[in-house]
Every structure is written in C-alpha cells, then in structure tokens.
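In the two complexes below, chain A is the common chain; its partner is chain B in one and chain C in the other.
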Partner chain A sequence: MQNFFNAYTSINLIFLLKGLWITIEVSLISGALSFIIGSILGVIRYAKFPVISMLIGFVIDILRNLPLLLIIFFTYFGLPNFGVRLNIMTSAIAALTVFEAAMFAEIVRSGIVSVPRGQSEGARANGLTGIQTMWYIVLPQAYKRMIPPLVSQLISLIKDTSLATIIVLPELTYHAQIIYGQNNSYIIPMFLAIAVMYFIVNYCLSLIGSWFGRRRHSQTAH
Partner chain B sequence: MAMIEFKNVEKYYGDFHALKNINLEIEEGKTVVLIGPSGSGKSTLIRTINGLEQIQAGDLTVYGENIAKKKSDMNILRKNVGMVFQHFNLYANKTVLENIMLAPRIVLKRDEKENREIAEKLLEMVGLSDKGNSYPDMLSGGQEQRVAIARSLAMKPKVLLFDEPTSALDPEMIGDVLEVMKKIARDSDMTMVVVTHEMGFAKQVADQVIFMAEGAIIEKSPAKEFFENPKEERAKQFLSQVLNH
Partner chain C sequence: MINILTTHWSDFVHGFGITLLASIIALIISMILGTGFAILEVLPNKFVNLVARIYIEIFRNIPLLVVTMFFYVVVTQFIKMNGLVAGTIGLSLYTSAFIAETVRAGILSVDKGQMEGARANGLTYWQAMRIIILPQAFKIVIPPLGNQFINLVKNSSILAFVAGFDLMYQGNEIASTTFDTIDTYILVGVFYLIITLPLSYYMRYLEHKLA
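Presenting the complex of A and B:
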C-alpha cells in the first residue's frame, strides 16, 4: 500500500500535469480547427454542389475509415518524403485536425439532414434564399441537435491525443510512460492517475455539453 | 390578365404522372378552392405555383412571370406568393413575433419600427396579441396555424396559397382558423388558392371550385354552380360522399 502512493511524488505529479497541459493544448487547437473545417465540409457535402461536393465526400469517407494512428504516423514520418517536414507538436495537431474534421463533417451533415424538411420549405415559401434559410433557420436547429454526438466526438479527440505517444508527443500518456519506465511498480498508480485526469477533463466537457443542450423551450422542430 | 395561368402543364414523379394536362386560369382577387379525393394532385398543383415542385412540360405563369423557364428567380416570385402549410412549418427556433418579422426584415429590408407595428397588428388580427414572445412549441395547432397565416401576410403577397390548412387540426380549432381565412377572403383583394376538405368554407367564400381526381382537372365552375349543379359524374359522386357526414 505504502509503495503505491510512493509513485505520487510532487515531481511526478507536476510532470504529469505538464503532460496534461500538452494534451489540453493539442485538444483545444485541433478541436477548434477541425470543428470549423468540418462544419464547412459538412455543409458543402449537404448542399450537393456539382463536382466539389462529391470530391469532398470522397475525401471524408477515406479519412473516416483510416486508423488515426496511421494518419499521425504518416504525418510525422511520411510527409517528409514529400518535402513537408513538421515538428512533433504540429504533426500531432495536423493529423488530429484532418481526421477529426472528417468526423465532424459527417456529424454536421447528418445534423442538417435531421432538421425536418418543413422548416426549410416554410422558409423558402416565406421568401428566404437558400443561404438565408440555412443561416437563420436550419443551421441553428441542426447544431442544437448535434450537441450529443459533437460532445462524444470531442471526448474521443481528447482521448485520441494519447495516440500521439508514438511520435513522442510529450502529452499525458507519454509522461506517464516515462515515469513508470523508471520503476515498474509505478505502472498501476500512473494508470490510475491519468485515468482520473482524463475522466475529469472529459466529464467537465460533457457537463458543458448538457448545459448547452438544455433550454426552457426545445427550439428545434419535431 | 390572369394572376395565375396553367397551360398544358404536366408533372411527373419519376414514372408517376402526377399532373395531367392542366389548363387553368385564376383571376386576380378571386378565391379559388381545390377539392378532390386523396392523391388527386391538388397539393402537387398548388405547390407548383410557388416553385416547391417543378413541372416537366407546359407553361405556368404567375404574376406575369413564366416560372417554367429556367431563368426565373424563385426568390422574387415568393415575395409575391405566400404559402400556409398543413403542418404550419413555423420556425421552431424563433418566437412568434420573430417568425412574422424575419422575412420582411431580411428579404424586404423593412424598417424595424414599421416591421414591428405591422407584425403586432397582424397578431391582433388573428387574435394572438398576447403570444408574441412565445415559441411555437408552446402553442396549440390552431394558434400555430394562425401565426403561420400572419407570417405569410406580413410579406404583403399578391397571392396566398393554402395547402390543407385545417387538415391537421383538432375539430375545435378548425373554426378559428377558417374565420381568419374568411376575413382575408372578404376584406382584402388577395388572390387565394385553397386546397381543403372544408366544404362549408368553400360554399361560403369560394368564387371558383376546381375538382380534381387522379392528376387531372375534372370540373371547374363558379362555386354556386358547382355545389348546386355539378356536371361531372365523378364530381357528383365525391360531393355526395363528402357532404353526407
């Protein structure tokens, strides 16, 4: 028992927190970027523009079906063969952004599709253009509906940052590995510590998500 | 010149022939009622008038614009042609007042003060002055439909289309909505095209009745003539079924 808590020295804990900070930083940047890019891609795919929508659909489908681990690996080790050399942090963020953008694109597209057709028919009949209908009526309702899958995807993103250990990103999981690399008896304490940290971050995220999802009136059509 | 004119109009859904050789003229200011059994094409017909459905052949002229032509701008057409739907289609994420004021604000660029005055007056006309800040999900069906009518009127259209406006309402609420529609028919010079099963309403305010079945117009007559003396067998059959409840 005594041995167990030995792992939790202040040096180790601070080291873990530094890793957590990188995890949060990478998550925030790739989360924000991929959400914006994914939204744009999702709307384009929904709008079915000739040629471009199909191309984007194709790219989205490929990315969603590849392992993120592979994409991270390729970004750091493969791209230099094409003349693109990114550092570890940038590679991690780029790979995560690209993958998550594809995932968000599909969430956004299905969110838009889930808004009843009557809403856009009513808007068009009322004189609104297609873009106005999207902006004022459909997208606000679509985003409200998307909150649960969006939060799930963000939680996945935060957890998936741990995959970047393979390119030596100094995030939370990697730092835990360094600590227990020095002493085998630290393995379980470390796993417990990072489990708690991931849990706290993700749980806060879901609380924020439910707060957004709860309003006095549903404000989306049924 | 007729406000709305159909010339040899055909419409298909894939292989299904939904509208067959439609020839129809609707004069300005008149109230025209479209009746017929389910699947007769009445909703399809009315939805071609504001471009929610496309036609495959023939000419359709609305307020001077031939909308069968590729180049016609539907957005401009819809400023002059309003529509009230069977399932209301109010903007779920906007309050009642916002529902009424949105299109005039962003499409017509109406002055904000004028916009609000017009909206409040319309709410008063449909008997819902106290519901301005409510969201649609707090309203009953009849209330929602009256807001929908106010929303269409706010754009000051030349033509108002009604696609089975009372079919989704509980019987007690139908009367309130029909009252508003009768008011519009009597007090304004708006051209109204109404798809409905409410024969009482048709008898009271319709100028012309158009009876459809299986995608074609079977009979079109002045309302009084139609109800007293229907010419076609199919029309007689339909009336006897509907009026004897």
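Presenting the complex of A and C:
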C-alpha cells in the first residue's frame, strides 16, 4: 500500500497532467477542424448535388467504416511514401480530423434532416435563396438538435486520442506508460490515475451534453 | 498491390479470421453483459440501478486502449493469458457498456402497459421481462446493435497493441517487411470494409424500414 501512493509524486503527477493537456489540446484542435470540415461535407451530402454529393457520401461512408488506428498508421507511416512527412503532432491531428470529420458530417446531415421541411419551404417561399435558407433557418435549428450527439462524438474523440500513443504522441496514456516503464510497482497506480483523469474530463462533458438534451426536451414540451 | 496480396495472402486471411473471431466472441459476451446491466438499470431497486450506472459510466468514459492495456499489462501479472484473450476481454467489457445503453433505451421504449398487462395476467417480473419485454425491445434495437457490432469490428484493431495477431497487427507486420506501407494499409482497409461497409448499409436500410 505504501508503494501504491509512492507512485503519486509531484513530478509524476505533473508529467501526467502535461500528457492530459496534450490530449485535450489535440482533441480540441482536431475537434474544431473536423467540426468545420464535417459541417461542410454534411451540408454537401444533404444537398444532393449531382456526382459531388454521391462521391463525398461514399468517401464519408468508407472513412466511417475504417478503424481509426488504420488511418493513424496510414497518415504517419504511409504518407511519407508520397513524400508528405508530417511530425507526430500534425499527423495525429490530421488522422483524427479526417476520421472525425466523416463522423461529424453524418451527425450534421441527420441533424439537417431532422429539421421539419416546412422550415426551409417557408424560408424559400419568403424569398430567401437556398444558401440563405440553409445558413439562417435550417442550420441554427439543426445545430441545436445536434448538441447531444456532437458532445458524445467529442467524448469519443478524447478517448480516441489515446490511440496516437502508437506513433508516440506524448499524450496522457503514453506519459503513463513512460512512468510505469521505469518502475513496475507503478503500473496499477498509473492505470488508476489515467482512468480517473479520462473519466473526469469525459463524464463532465457527458453531463453537459445531457443537460443540453434535457433543456431542449423541456423547451419543446412547452 | 496485387503482389503484396498474393505473397501475403495467408497472413491477411489469418488476420481477417482473428479480427472476425474476436469481434464475434466479444459481441456475444458484451450482449450478455450489456443486456444484464440494462435490466439491472431498469429494475425497481435504487441500489442495483446505481451499481449498473457506475459500471456503464466507467466503461463509457475511459478509452478502450486503457481498458485493454489494463488487462494486458496488469491482469496478466496475476492470471496468465495471451494478448488475444486480454484484448477480447477488454473489447467485451468496453462494448458491453454501450450495448447496455442501447438495450436500456429499447426496454424503456416498450409501452408500460405491456409489463402491467403481463403482470396482471399472472406472470412474474422475470417472466414478463423475458417473454414480453425483451423480445419487443430487441426488435427496436437491432439497427443500433448492428452499428455497435460495426464499431466492435473497427475497435478490434486495438488487438494490434497487445500482439493479438489480428488484421491490423498482420498489416503492420507486412508493411514493415515490404516497406510498401501505402498499398498494405489500403489492402488492410479493404479487408475491414468487407465486413463493415455492407453491414452499415444494411443497418441504414433497416433503420429506414423501421422508421
């Protein structure tokens, strides 16, 4: 038991927190990027432009059905063969962004579908163009409905950054591995510590998500 | 690309088999566990509800990698098992939390009158749950469960971390011997898509049909 708490020296804890910061940083950057890209792709897929929408839809389906780990490997070990050499941080962000953008695109598309048709018909009847209708009428309502699934996708993203340990991204899981690699008796305390850290971050996010979900329900009920 | 496929055909097929096997075993275990925890969550007993809730929240909020590595690094110190077994256990527990959420939503979507009617007709709570409620719940949750299976197949690539000899692991081995990383990873991707893509289109079709 004494050994157990010895693992939590201030140096180790700070090292873990630095890892957690990288986890959050990478998640936020790729989350923001994939939110923007995903929104654009989702709208294009919904709009059913000839050829383009089908092509984008097909690419989204393929990306959604591949393991993220494969995309990480491809970006880090595959792209250099094309002459594209990214550093660890950039390739982790790129891989996560590509994968999550496909996920977000699907959420955005189904969010748009869930907005009643009368909204866009009414907007068009009042003289708004297609783009104006999308921007001012449909998307704001769609995003409000999308908050719970977007939040749970963000939680997945934070969990998925741990996969980037395989390309030695210095995030939380990797930092824990470094610490227990130096001392075997630190293994269990380190697993406990990172589990708690991930849990706190993700559980807080999920509480926020369900709060928005409940608020929307009570609004529509009135 | 054809060259890699023909020379390493047996490795690909072996990895594909392990991925499929691990996914199916994990699906069976996580269906049993998930349904169990879903029932615990709807039982009229606050303490049991809380236990189930804690289990579900823990596995939903911790990365699969951490769960799997826990079994591979920590539990193997006490119980001997290889990476494939440790990985499949990790996958099963992780997925069971998501399946529990899905099944719980299915149970709650069954009309309350069904349970009341069954009880009024003399069935015990468990009989009513097994014969009346669960069959109706499962019919509703087939598409989301199918999507969970797709996630499971994708997530089984975690076995590559624990020397599980799955498709992703074999892919890495082939990539590091042939140095042709791009073609190898594309082939690995195609093998994954063989399972996941038709399944996801079928689930979308089922969703449309049910909706």
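Here is the rule we go by: the second predicted complex is superposed on the first by the 204 of 222 C-alpha atoms of A that agree within 3 Å, B and C clash if a C-alpha of one lies under 4 Å from a C-alpha of the other, contacts with A are read in each partner's own complex, and residues count from 1 in each chain.
The rule we apply is simple: a residue touches a chain if its C-beta (ideal position, glycine included) is under 8 Å from a C-beta of that chain, and two chains touch if they have at least 3 such contacts.
Treat the numbers as computed from the prediction; the structure is a model and nothing was measured.
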Practice item. Report for A:132: first if it touches chain B alone, second if chain C alone, otherwise both or neither. Key: first
Check your understanding: Of chain B and chain C, which one touches more of chain A's residues?
Key -> C
Exercise for review: Applying the touch criterion given at the start, work out whether A:119 contacts chain B, chain C, both or neither, answering first, second, both or neither.
Suggested key: first
Point to revise | Contacts of A:166 with chain B and chain C, given as first, second, both or neither | key: second
Practice item. Could you look at A:141 and tell me whether it touches chain B, chain C, both or neither (first, second, both, neither)? Key: first
Study note, to complete from the structure: Where chain B and chain C land on the same part of chain A: residues none
Check your understanding: Okay, in this complex, where on chain A does chain B touch?
Key -> 118-119, 121-129, 132, 136-137, 140-141, 144, 217-222
Practice item. Can you check the complex and tell me which residues of chain C touch chain A? Key: 57-58, 60-66, 69-70, 73-74, 77, 150, 154-158, 160-161, 168, 171-172, 175, 180-182, 185, 188-189, 192-193, 196-197, 200-201
Review point. Within the complex, which stretch of chain A touches chain C?
Key: 61-62, 64-70, 73-74, 77-78, 80-82, 155, 159-160, 162-163, 165-166, 173, 180, 187-188, 191, 194-195, 198-199, 202-203, 206
Check your understanding: Taking the complex as given, what residues does chain B use to touch chain A?
Key -> 50, 52, 74-75, 78-79, 82-83, 85, 87-94, 102-103, 106-108, 135-138, 148, 151-152, 155
